[in-house]
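Contents: one structure, followed by commentary.
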Amino acid sequence: MTMTDAQVRAALQSLPIELPSWGFGNAGTRFGVFPETGAARDVFEKIEDAALVHRLTGACPTIALHIPWDLPPAGMDWAALAAFAQEQGIRLGAINPNLFQEREYMLGSVCHPDPAVRRKAAAHLVECAEIAGIVGSQQVVVWLADGTNYPGQDDIRARRGRLKETLAEGYAALTPGVEMLVEYKMFEPGFYTTDLPDWGTAYTICQHLGPQAKVLVDTGHHAQGTNIEFIVATLLDEKRLGGFHFNDRRYADDDLIVGSANPFQLFLIFHELINGNDGRSAAPVSYMLDQSHSIEPKVEAMVLSVLNVQTAYAKALLVDRAALAERQAAGDVLGAHTILRDAYETDVRPLLAASREELGRPADPLCVLRGDAAFQESRRTREATPARAGGGGLGS
Amino acid sequence: MTMTDAQVRAALQSLPIELPSWGFGNAGTRFGVFPETGAARDVFEKIEDAALVHRLTGACPTIALHIPWDLPPAGMDWAALAAFAQEQGIRLGAINPNLFQEREYMLGSVCHPDPAVRRKAAAHLVECAEIAGIVGSQQVVVWLADGTNYPGQDDIRARRGRLKETLAEGYAALTPGVEMLVEYKMFEPGFYTTDLPDWGTAYTICQHLGPQAKVLVDTGHHAQGTNIEFIVATLLDEKRLGGFHFNDRRYADDDLIVGSANPFQLFLIFHELINGNDGRSAAPVSYMLDQSHSIEPKVEAMVLSVLNVQTAYAKALLVDRAALAERQAAGDVLGAHTILRDAYETDVRPLLAASREELGRPADPLCVLRGDAAFQESRRTREATPARAGGGGLGS
Amino acid sequence: MTMTDAQVRAALQSLPIELPSWGFGNAGTRFGVFPETGAARDVFEKIEDAALVHRLTGACPTIALHIPWDLPPAGMDWAALAAFAQEQGIRLGAINPNLFQEREYMLGSVCHPDPAVRRKAAAHLVECAEIAGIVGSQQVVVWLADGTNYPGQDDIRARRGRLKETLAEGYAALTPGVEMLVEYKMFEPGFYTTDLPDWGTAYTICQHLGPQAKVLVDTGHHAQGTNIEFIVATLLDEKRLGGFHFNDRRYADDDLIVGSANPFQLFLIFHELINGNDGRSAAPVSYMLDQSHSIEPKVEAMVLSVLNVQTAYAKALLVDRAALAERQAAGDVLGAHTILRDAYETDVRPLLAASREELGRPADPLCVLRGDAAFQESRRTREATPARAGGGGLGS
Amino acid sequence: MTMTDAQVRAALQSLPIELPSWGFGNAGTRFGVFPETGAARDVFEKIEDAALVHRLTGACPTIALHIPWDLPPAGMDWAALAAFAQEQGIRLGAINPNLFQEREYMLGSVCHPDPAVRRKAAAHLVECAEIAGIVGSQQVVVWLADGTNYPGQDDIRARRGRLKETLAEGYAALTPGVEMLVEYKMFEPGFYTTDLPDWGTAYTICQHLGPQAKVLVDTGHHAQGTNIEFIVATLLDEKRLGGFHFNDRRYADDDLIVGSANPFQLFLIFHELINGNDGRSAAPVSYMLDQSHSIEPKVEAMVLSVLNVQTAYAKALLVDRAALAERQAAGDVLGAHTILRDAYETDVRPLLAASREELGRPADPLCVLRGDAAFQESRRTREATPARAGGGGLGS
């Protein structure tokens, strides 16, 4: 009693995957940045590139923005930027405050020992909440670089108090219906403590903030060996799962293409997302890519990321859930396990191609992109002309 | 403005460290057990050995019991066992249910797919809650071996539902004033999932159970690189820290002597315990050793463990908290860090010796134990005589 | 220019996978053993079960033995045991000394501080070398439980000297053509040091021993995040790869079914085994399962393990190596990566079934096993009758 | 039979700790750089700052250089730069090639698939070998950023071939008596593979290169849970330990102050360095700091690092080695362990202060630095004036 191919295609077509503006610009490691010829240099080019990914995949109707990197240039308002996106075929998505790049934030932002710095951080959160209201975004995503490098550097408990207090100011400014997604990360850039190191901390902070606050799971932000799908199942059960920042990693947080290092894990995450929902589609939370590409061609990397997410989702949809439940109830360890594994071993590439063609998109978007002369030309044009407006940087 | 030596001694003398009955019996790894000549073979000998550690250190007034390993033998009631302990100079402490050794528990206990197994587990929890009431214990400590080894083996979310439901039955049987301490562990013996893998999960379960449920931190149960003192600070802030199972590890869960692998970490944990309390003593939670010794002489190992806990605590008491707070507020990264480090570098062995002598205990208890002819004789006597009653096993 | 299905089937049919005798007996964790009804109780039943796996898969012509667990019973010689195996349709394989279970080995075997214990260990190595000669085995596999739990417990450097010296005695007793495979393991049962913790240590020891010594890679014996396929490529380049102990793990060493936790990693290992050989078949080293099953039905677990190995191998054989090399030379990061990924996404279940049927084996061996009435009956018979001869235990 | 305080002081005074030029300039994480007021901006200011650390500690007679960051400015030769250093009271030390910052190196340097890039890398190695000869440096330290981010991106084995071949060109250019120190690192900036990921790989490369090649251990470059002191003991035994890059980390490679995250580990490393030498002083290898400071005042951080190294060394010198050896031979697990631990618990701050005063240096160099008006003034002067010559960047 598995889903039919048509049902799987319909489910796939209903899963929007949000693209991160910062994934289209040049990024690197702490050892340097290797710029890509023709990479997006401003918010307009990021929107253009995101729209291209949507045209190729049919799966990415929105683009997440990073503030202040993606502010409309002087003299332009948000409505005009939103209109620009709409012309390109996509919409503006989650608003991501930046609380780490300015010099005042060296020792933290919302947790900083100096109240003046916290005021500045709170004001930025409020500004982002307002932007979300203006552009019709459904989420403000809070990732913090706050933390410490040395035992004793600051008071762990006092920082927690500041965290609750300062985030609450941003929360209070949310338009009804907009969620604050609270992201956690085990380490980096703080190496002794991170003020939101794990899902449990983010969860308790959300409880303090209120019902519009939910936990955001970044798949690259856990300790080695952590069972991420277990966390997903738990947060769904507690009704506090806000969504995902997808990427992959073998070690550290490296923003690799989601599903490139451990595709089985991504499949298991989607298995829980379906299992914790209605058994026929993934839970209605936010699905966002969060990657920054240091050696990969950025548009290609985004297309491949979308394909990897869809591959994992399609396989998870194919699990024979009735048979699985029956084997689980019987305590049949390997009988149950092999049902899951059988779905994973299925080659879903034809199914994905058919789904895309049904939407009028290319069966093999990566191949089309690589052969697209207009795309290549656009890269050369960018190199030869000045950018329209600023904004660079790097995700978390 | 640090504490005086007299104040530190007084604080040390007020920190009771509970000993685990199972740490005195023979234990091993999955590759086998190397029995120690004269190791405790029954609950009486465990009590005798624990009492000896208390006589040597003055720090261990109670012994934790594992049920059914430490049930009084047929024909003896709990009052008689408690009286036996009292004669030896100690009291009965936390009650630890065993939900992993019987054959029915192969696929779990409180989370087992079969309701009959869950009924059995619930009944054992109720039994332990009742024992705690009878013997005047303040805690029932719940550590579960529940988990799965393979993706798909069981339904993660369904198991969580069973966990909440079954633990609630044990919780309902608690005598007022007795706490249920919910322990978490990242892995082992389940290797794909553990039903209580992290503090966040234990925390949400405690919220479901009620105010008498608190989280127990076992220092050996975290992913590599986890900042345990941060968790301690967070749980204190949320008023859900129930206490500790102390031990140490470099990799995996190995029940090594607490403070033997990373003494600095233990110091930092105590720093948070003081910081999250009144700045002059560690928070009033349960401090319990949880070790099982495969190659170490068991009584020696316990004495050394107590010394290591006291060493870390004494150093943390010596931190100049006023100066520290001042440096932290000033954003002086290394100034603050070195204040902590200075306390850590202090040699507190003379202070600990003085504290023990003040209590009429030996200055160097390990040396006394090693030279104690009566102790050596007691080992030989045990070898030569039959044990009084059963009970062996291994902690978590 | 990929291999044809017929070529892939031929390659699959040429990869022998050795079964471990200890994987058929009851095993467990340090928390206990849950015996399986009808699990093998002696060397004969282990051979019978291994032969059944070979009949079902056509891939497992040999069984590894653990000494002394698998010694022929009193009054029987090795020739008779070998003949018993041959009647069943398989041969005796690698000889695995046991240097950890006896009481003398509490502080080590070949590295023990006491020369008398080292003599005993050396004698056992010599005995195993002789057995290998007698039964025509090609390998003596040395895994050591040697290590320490506490800093200072023993002298790291002195232990290394003893290791070289004592292993050399066993090495000297090898029949020409027989290899000594030196296994490494990051931790457990030693938790401070392991005397052979990593491939580098094993490699230097092999250099000291001589050309018949090679490194054995156990896929479950590495630190989190280790790139095992890189080690495989390196050892192949240095001509010191002796073979594998296959299993899987998420955390710690848990002897899970190979390929069950991270099937992509197993594929990548086989990619290097082919790449470091002739590009059309895996390097001619020893492929051995090393698993012990605590909750899985043992014969099922072995069959599934064989299927997982073959799945990974078949997918790796399907990599378009010419196209891959071309993309790599061009510095095309994602073009090269997706070639590998395409092979991985292929559903090779039909190909594996066809390969088995070509050999006269069932297309779906797991299904056949589960429906096999004679198999079920044999389990019941074993329960009802006494075993023929001893031998239990647990792998590394 | 421990060393006397005078002997310990003499040993401390004989351990030179090299300072890294890059540790004095501004550095950061991939999220940005927070510049320090007055941080060194060119090679001259780095030399001035290193000389100040030497004046304060008496322990740092040399400064390591990074090429091309620390090239003498146009019109100045190496002799003049060396003379500048000498005026300041220190000498030029190890030469560190930079093979990661130029655009050609995006996919590697000595392992790059394009031979032209490898030629460039080889030429830089030769240049550095020549510089080492000119300035009288004893070491060329090779750390590579070479690696890949995706399975299949490049051929692991082919890269190894290129690694051996290209490094050999640099090796051939070494002046007699100069060592090539080959550094390894588990990950970063490559996240799928690192071409020199572990000591075993570095060791085999050194064997291929020749006797002047030795392994350099960076204390922050290992997998979680790795026993670094074991590696030190092994490399000493094989006569291939070249030296150290000291720093500390809790997670990832973060270049924290050595000994700040786990001081016990640093002590254990020094214990092996003494144990593998003559039992009375650390092995005569290179001791170099390799840190880059993102939030710490740089000169303070270096002084504190030197103190931490000396603290660990002094404690290790105080181990009662005769008693330890006796307890180890007796198999006395805890007796041996506590001997080590006793040395660690000793407060060596007075001994270090006395040692410094014996050399005419301040007893508390950190305190002196913080109160030094001339130092503060020099920071302000730097801010107000242009730098003399370029050079920025970040260590590995």
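Order of writing sets the labels: A, B, C and D. Residues in every chain begin at 1.
Throughout what follows, a residue touches a chain if its C-beta (ideal position, glycine included) is under 8 Å from a C-beta of that chain, and two chains touch if they have at least 3 such contacts.
This is a predicted model, so every value here is computed, not measured.
More contacting C-beta pairs link the chains of C-D than the other of the two pairs C-D and A-D.
Chain centres here are Cα means. That of chain C falls 40 Å from that of chain D. Chain A and chain D, compared by their mean Cα positions, are separated by 38 Å. Residue positions of chain D with contacts to 2 or more other chains are 107, 149-151, 186-187, 192, 224-225, 227, 250-251, 260-261, 264, 295-296, 333-334, 337-338, 341. Chain contact topology: the protein chains form a complete graph, every chain touching every other one.
Residues 224-225, 227, 250-251, 260-265, 295-297, 300-301, 304, 311, 333-335, 337-338, 341, 344-349, 366, 370 of chain A are the ones that touch chain C when the two sit in their complex.
Taken in their complex, chain C has these residues touching chain B: 28-32, 34-35, 100-101, 103, 106-107, 145, 149-151, 186-189, 191-192, 224, 249-252, 254, 256-257, 260-261, 294-296, 394, 396.
Residue ranges on chain D touching chain C, taken from their complex, read 107, 113-114, 149-158, 160-161, 186-187, 192-194, 197-201, 203-204, 222-227, 229-231, 233-234, 236-238, 264, 268, 271-272, 275-276, 324-325, 328-331, 333-334, 336-341.
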